[in-house]
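Think of it as A, B, C, D, E and F in the order they're written, each chain with its own count starting at 1.
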Amino acid sequence: MTEKGPTPLERFINGILPENPVYRQVLGMCPTLAVTNGMKAAMTMAAAVAFVLVCANILTSLIRNLLKPHLRILVFTLTIATFVTVADRIIAAYMYDMSKQLGPYIPLIIVNCIIICRCEVCASKQNVLTAATDALGQSLGFALALASIASVREILGSGSWFGIEVMPAGWPDWVVMVLPPGAFLTLGLLLGAANWIGELAARRRTTQGVA
Amino acid sequence: MSEEQQNQTEVAPAPSLEVAPGPHLHTTKLSTRRMMADVLIALVPLVVAALAVFRMGAVMQIVVCTAAALVAEYLFTAMRGKPFSLGDGSAAVTGLILALSLPGTAPWYVGAIGSFSAIGLGKVVFGGLGQNVFNPAMVGRAFVMIAFPAAVGASAYVDTSSVVEAVTRATPLTALKQEGLPTSLADLFIGSTNGSLGETSALACLIGGLYLCIRRTASWEIPAGVIAAVAVIAGLINLTDMQAHWTVAHHILGGALLFGAFFIATDPVSSPLTPKGKWIFGAGVGALVMLLRKLSGYPEGVMFAVLIMNALVPLINRWTIPVPVGGPVPEPKS
Amino acid sequence: MKDNYLKQAWLVLLLALCFGGVLAGVEHSLKGRIDENKKADTLGQIPNLVPGAVSASFSNGVYRAVTQNGDHAGWVLLVTGQGFADKVELLLGLNADASQITGVYILDQKETPGLGNKIVEDEWRAQFAGKSTQQPLEIVKRKAEKDNEIEAVTGATISSETVKDMVNRAAADFRRQLASGGF
Amino acid sequence: MSTALQERPGAKTFARGIHPAENKELAEHQTIEVVPSPAEVLIPLLQHVGPPCTLAVKTRDEVSVGTKIAASEAFISAPIHATIDGIVGRPTVATLPNGRHVEAVPIKAGTQKNTPEEIKRDFLGGEWSTANLERFTSEQIVAAVREAGIVGQGGAGFPTSVKIALNPKKPVDTVLVNGCECEPYLTADHRLMLESPSSIITGALLTARASGADRVLIAIEDNKPDAVAAMEKAATGTPVKIVVLKTKYPMGGEKQTILSSTGRVVPTGGLPLDVGVVVVNVASASAIARAVLRNKPLTHRIVTVTGAGIRSPKNLLAPIGISYGELIEFCGGLTPDAKRIVAGGPMMGFTLGSLATPVTKGTSGITVMTSADLAKSEETACVRCGRCVDVCPLNLVPTKMALAARHHDWDLAKRYHILACMECGCCGYACPANIPLVQLIRMGKAKARE
Amino acid sequence: MSIILLAGAIMLVLAILMAWVLGWANKTFHVEVDPRVEAVNAALPGANCGGCGYVGCAEYAEAVVAGACPPDKCTVGGESCAKELAGILGVSLEQSWPFRPVIHCGAHYSDRLGRTDYKGEQSCTTANLVAGVQGCTYGCLGFGDCVSACDFDAIHIVDGLATVDYEKCVGCGACARICPRNIITMVPFKSRQMVVVTCSNNDMGKDVKAVCKVGCIGCKACERNSGGFFRVDKNLPVLDYDKYDPDNLDSIRLAVDKCPMKRLLFIGWPTEKDLEATKDMEAPDLVEADFKTTVDQTDWQG
Amino acid sequence: MEYLSTLILIALSAALINNFVLHYFVGICPFIGVSRRVDMAFGMGCAVTFVISIAALLSWLLTYYVLREGAPLTVVLTRDPTVDLSILNYIVYIFVIASSVQFVEMYVRKYFKPLYKAFGVFLPLITTNCAILFACLEIMKHVSGVSDPAQMWGVLESLVMAASGGIGFTIAIVIMAGIREELDHCDVPKVLRGAGITLITAGILALAFMGFTGVDRGLQKVLQGRDKAAESAEAPDASAQTSRNWETGI
């Protein structure tokens, strides 16, 4: 592979939509499903992931020349685990209720495929700047994905958004949406919708290209 | 050759001929549409019983669900760019079964959302009629039951202000589970109890169900398996626990068991293909129903039991591939 | 040979050492705050559970609630039990001689939203305050009439029963232990 | 009531299978007629299972009925004879209804030596003595049969000489003459049993002699009581026994006939030989008798031309190589609503793309289906109702095999034992969704074998 | 402070323990794997298309390393991939050409005789089992099994005849494998356009004429005019692509001109002349931003 | 007897009622990725169950003896009963998981060739399987998170929970694989093929599994109801002793 990879800016933009970690790469499903029954929790999770992703990418990029192939994954996971622990404690110290609500899903960021994937694919091969912008882009994409799912679930399931009532008074809450089945169904349908939109866009591109 | 061609033109008949693979004879007794019509016919006694017991509630629910199911089918098939498929009657069947599985007291949006999720999530996403893994009506019902526990849950059945006498009482299973009250067998048989619209009258379920089985639109193995499993398990419980308020007959006639066994579990699309598989499927449904009735937080378990067994159908099919007459195909010697 | 493996893994060892240290440092600086959070979670409810109490001391698994001037105001028990869906955790406030329930607070529950989770609502919980612990409470589906009756949450009999059972049992056990001079 | 029925109360049957409308009355009572010799016949050089024959005559050679025009050295093969008197034309090709594209040789008719009446007497009439058959050894019979080019006339076309020869490794104890004719519409075998029962009996005894079997059974479905009576009568005084089987499709399938009349199960992928049985069709039995006693090759065969799309259905004794079009013409032509011309019966027959297609040794009938017969032809969704499973005589799961084949999942098809399928068409008949199950399974079988 | 030390110490002890155990295990449980297999596998494009004749890229990698198969069989990876593999294996590469599918039939719907109304499964493989769908038993059936077999959208049915889009085709051979009539073969494209025989009918001219308006009648004009480059076998011309020299096509062009049925055609990528013809067409004015992807084929899917 | 019923409850809860995949959403990635074929799914399930048990055993040992507040080993070393190393929990667990996966992979590769061929390819994927870490975290919650030693999980409870979690994962993924094999032949809308339809199916499956809600409660009632009857017959006030914690249990 002699060709040069994308520039830092391209990587940043890539992460948001063209290579959205959730909708395009289908990574990091566990928090995507588990903490999206409300916007607040989802955004806290997104922030935690962003923190860990950026830190881990930067650190991995710094030590990329020292890595031995067979111990590479071990180093990644150690790094990530450390930053996750830090994030976990910070949340516990400053957002105690949120920490209780998110429960085991904060530590489970350790095994969030997005982070290991970015460490492996990008940070272990690129310089610090590239790694950092890549991480930011991916985090933003992840946050967007979480926000879209959480919006649907919170609005339908609780009639509110960020805890603020948005639906008319008589709205019967769709309890199923805040429960596990709702998470699966919402994400499944949104994935389909994302693919559909992608396809439409691609089709428009080709038809315009031909014309 | 030229002569032959002449031959051909000489005898070539006026009618337009076609070529096709065999067999060139087809049974005229059965078509997909006829099967759906059979189900609708078989549901008539249940509808009558529901109207007799629940009156306006039943009318509202049946109209809303069936109409919503047809609209949903139309919308979703249009979205997929598929030909118009209301004619096969499957959407009407789904809507009607869903309506009969809901309480008459449930508000209108429950039936509408249930029908949309039944057709959308239960059927269309899997590719339409014949390809759904789960029973669409039960997917719809499960969706609204979890979504609106207050409107479809056990407590929703009781409406103390209702003019219909049956509706003012708890459903037989709730009465048993929470208060340990038995219900008389005669009431369960005739259907003068509270419950989902279609499930109350064991008699109507039996009439419709037997019609389906005789027409072979439903495989008799499945209801037989369900009832056998329930009878055995309920019998064992009765043997070990003398204080059980419900006898075997109660368990079979009560709740949605017969409705489920004859109309829901027998949905051919989401049940196994071979007779052996059907027995396993039926027995599985029966066993799960008893497990959920006895242990879970819900008073009745037919819907969950059917959905869980639906999920297992591919595996059951896989494990019950029949051995051909004459034994399996020998491996080639090379 | 052993050195060889370790040599290969020097980076891992170094990182392990550093990370261990860093984490311990983080913990050191944040632990106080987190513990306070945890304590506040429970202690913050004490005044609501035991009238007049302002703080409590924890020993032997119960909180001994005291008033401003240090008088013994009552007890707060942390009770867990199996609810409809998952564990239910609640705080039960009793008066000083454990003869009366002074309050109930649901700390944690995952009951069905819109149905079972109504047990957290003040209105429903308020029914418990003032009930005597002499006779077990009962859940009824109509308006409560007798002294020991609690009206169930509509459509959530099981969740209501759960809370009632937890309260009954905890109160009875605690009374027995108090009587045997445990505290 | 025949004695056979009394001997075997509760005639046997097999599990599953179907009961399609028989429609045999269309041609059942039509006496066999001889088709006048056509102006030309086109004789395919491959009418059997095995390698094709090579031409033994040259263009413009003069041939007469029974002249051997093609043969093969291969063990599994059958020579081919001229079926009319005339002159050999230039070799060309013919596409047979089963899709085979084979070399064929035309013969232009000259003056015919035999009148139709003579031909009919030669095939069906006259004396068929069952006495003194011991004068023939097994080898003699097999050689005569081979020389006569007889192949299984049920359709598959397996050379009969190979089937009936003594097999030291697999001894045979029963000869089963198959007179079930379970295909709807077809009546050729039925007429043969009525009009020439003794030739069948003699052929059956000769087969038993050739294969070393000591029991001879003739299986007939109970929807042909007149044939049963005729055969009973002809069998009097011989060791031949008539077995009356319940009418059911596909009773005429080898495995089903054997199972129903002897209770033996032929293993999947095996032959009747594996259970000690030789099965010959009644037409083959008659041809065997003619080959051995009269030393005549297989040049004509009985073809039922029937169906709602034929103006006057008939049973015909036709020279092999005559075109389907001429036979149809002889029966008054097609009705305007004729839709499919099927070579063979409606269950397992193949449609014709061209009326010039020649009749072969395996052609048992022509069924013309009208648009009314085929009213239901739109494919709808499979609702997995399991009708195909309920009717499959081999206890297979046709819908799964067909769907696997449709999606090119050959492994899955194999797991469902697709190679055991005999393509009888019961599943396709019963399918309420009108899915071309048999076609898909045929494709799957071809691919799964690769 | 002591807790920091303690934590560090515990992590260190744990790390030493694990590193030691894993190091020991790595040595004790070591399994010899040819590193070249992995290298080859990494160099392959990973499309798992089966164009090489093996089940997947991994199996092909093993076969290549074992020497059972030349390194230039990967059509998707093309020349660069073959070079890379040759480099890994240290073998020299023979001159190879890109193999592309060619449809040996040139009849469109209107050219085919004896076509009937066909009811049944609409696919070539199944229709091929039914006699009389069309008169010709050799030619393209036009139901498009090859179209659905193609992962690259490079083959389409144009008026009843399968037609390859050489711009998109990568030469995986899926169409050639699925065609039930075997009328698609893989031909080495020694130049952008190759001469091919676009008929497969082995019958005599008279029989061909009865079923097709454009089929090869086996007249041998090509054999006579090309100086023996074409050889008519079973009523069809056969040409030897080993002898095919793209720079010396005079005799072939003569044969192409002389073919009465016009069944010898130049087929392949559009020539400059074709491109010239389309030059005046409007060029696409919308240019989409084309970010190179960073998602590669790593196994980090979970 | 009561201990046994506790174990049964833990097992049932982890395997069915609170299924790892369908209730806690852990292990979704392999659930979507490796559920195309039933045999592959079963291989993955077995591999996860195996590794999850090993990881659970190791992490229980480490948590109990080293990491929790007042862990015996730490106390011996520091002579300070309040020292709490639970900050190291996550990093230690992931360390243990990564190492044991690698160790198992090497071991199986060497000594069980066919087994390695069957599911060796999944082993590296397991490192990042949330289900394993989730099991460790559950154990942590029940070992270092509880103050009352009577409620603390022993090694057996931890193992049972982890193994039945793995079995629950296997059940879910095998069911899903069966359905997906079927869906290969279905006309699923193009945009939903792959992950989309898998998630929707999982959603319906989760709906169906919601039917098990409360089964643990019901079973507990049945099992302990019988225990209680037996106990009260023998020792009338035995319950006073066990009710040291106010676990009402119902």
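Convention: a residue touches a chain if its C-beta (ideal position, glycine included) is under 8 Å from a C-beta of that chain, and two chains touch if they have at least 3 such contacts.
This structure is a prediction, so every number in the text was calculated from the model and none was measured.
Enquirer: Note the shortest touch-path length, in steps, from subunit B to subunit F.
Expert: Minimal hop count between subunit B and subunit F: 1.
Enquirer: Whose C-alpha centre lies nearest the centre of all protein C-alpha atoms?
Expert: Per-chain C-alpha centroids compared to the overall one single out B.
Enquirer: Counting C-beta pairs in contact, which comes out ahead: D-F or B-E?
Expert: Higher C-beta contact count between the two pairs: B-E.
Enquirer: Which chain has its C-alpha centroid at the greatest distance from the C-alpha centroid of subunit C?
Expert: D
Enquirer: As a quick test, compute the distance in whole Å between the mean CA positions of subunit A and subunit D.
Expert: 69
Enquirer: What is the distance, in whole Å, between the centres of subunit A and subunit E, each centre taken as the mean of its C-alpha atoms?
Expert: Chain centroid spacing, subunit A to subunit E, equals 39 Å.
Enquirer: Roughly how far is subunit A from subunit F, centre to centre by C-alpha average, rounded to an integer in Å?
Expert: Roughly 25 Å, centre to centre.
Enquirer: Residues of subunit D touching 2+ other chains?
Expert: Subunit D, residues with two or more chain partners: 92, 350-354, 377, 406, 436, 439, 442.
Enquirer: Considering subunit C alone, which of its residues make contact with at least two other chains?
Expert: 8-9, 12, 16, 19-20, 23-24, 26-27, 84-85, 112, 114-115, 158
Enquirer: Which residues does subunit A have that touch at least 2 chains other than itself?
Expert: 26-27, 74, 78, 81-82, 85, 89, 113, 116, 175-176, 179, 181, 185, 192
Enquirer: Touching residues of subunit F toward subunit D in the complex: what are they?
Expert: Touch list, subunit F to subunit D: 181, 184-185.
Enquirer: Taking the touch rule as given, give the residues of subunit D at its contact with subunit E in the complex, in rising order.
Expert: These residues of subunit D touch subunit E: 92-93, 95-101, 350-354, 377, 406, 436, 439-440, 442-443, 446-447.
Enquirer: State the interface residues of subunit C toward subunit B in the complex, per the touch definition above.
Expert: By the definition above, subunit C touches subunit B via 84-85, 112, 114-115, 154-158.
Enquirer: So in the complex, the part of subunit F that touches subunit C is made up of which residues?
Expert: For this pair, the touching residues of subunit F are 18, 84-85, 87-88, 91, 95, 147-148, 213-214, 216-217, 220, 240, 243-250.
Enquirer: Which residues, counting only subunit C, touch subunit F once they are in their complex?
Expert: Contacts found on subunit C: 16, 19-20, 23-24, 26-27, 31, 61, 77-86, 158, 161-162, 165-166, 168-170, 173-174, 176.
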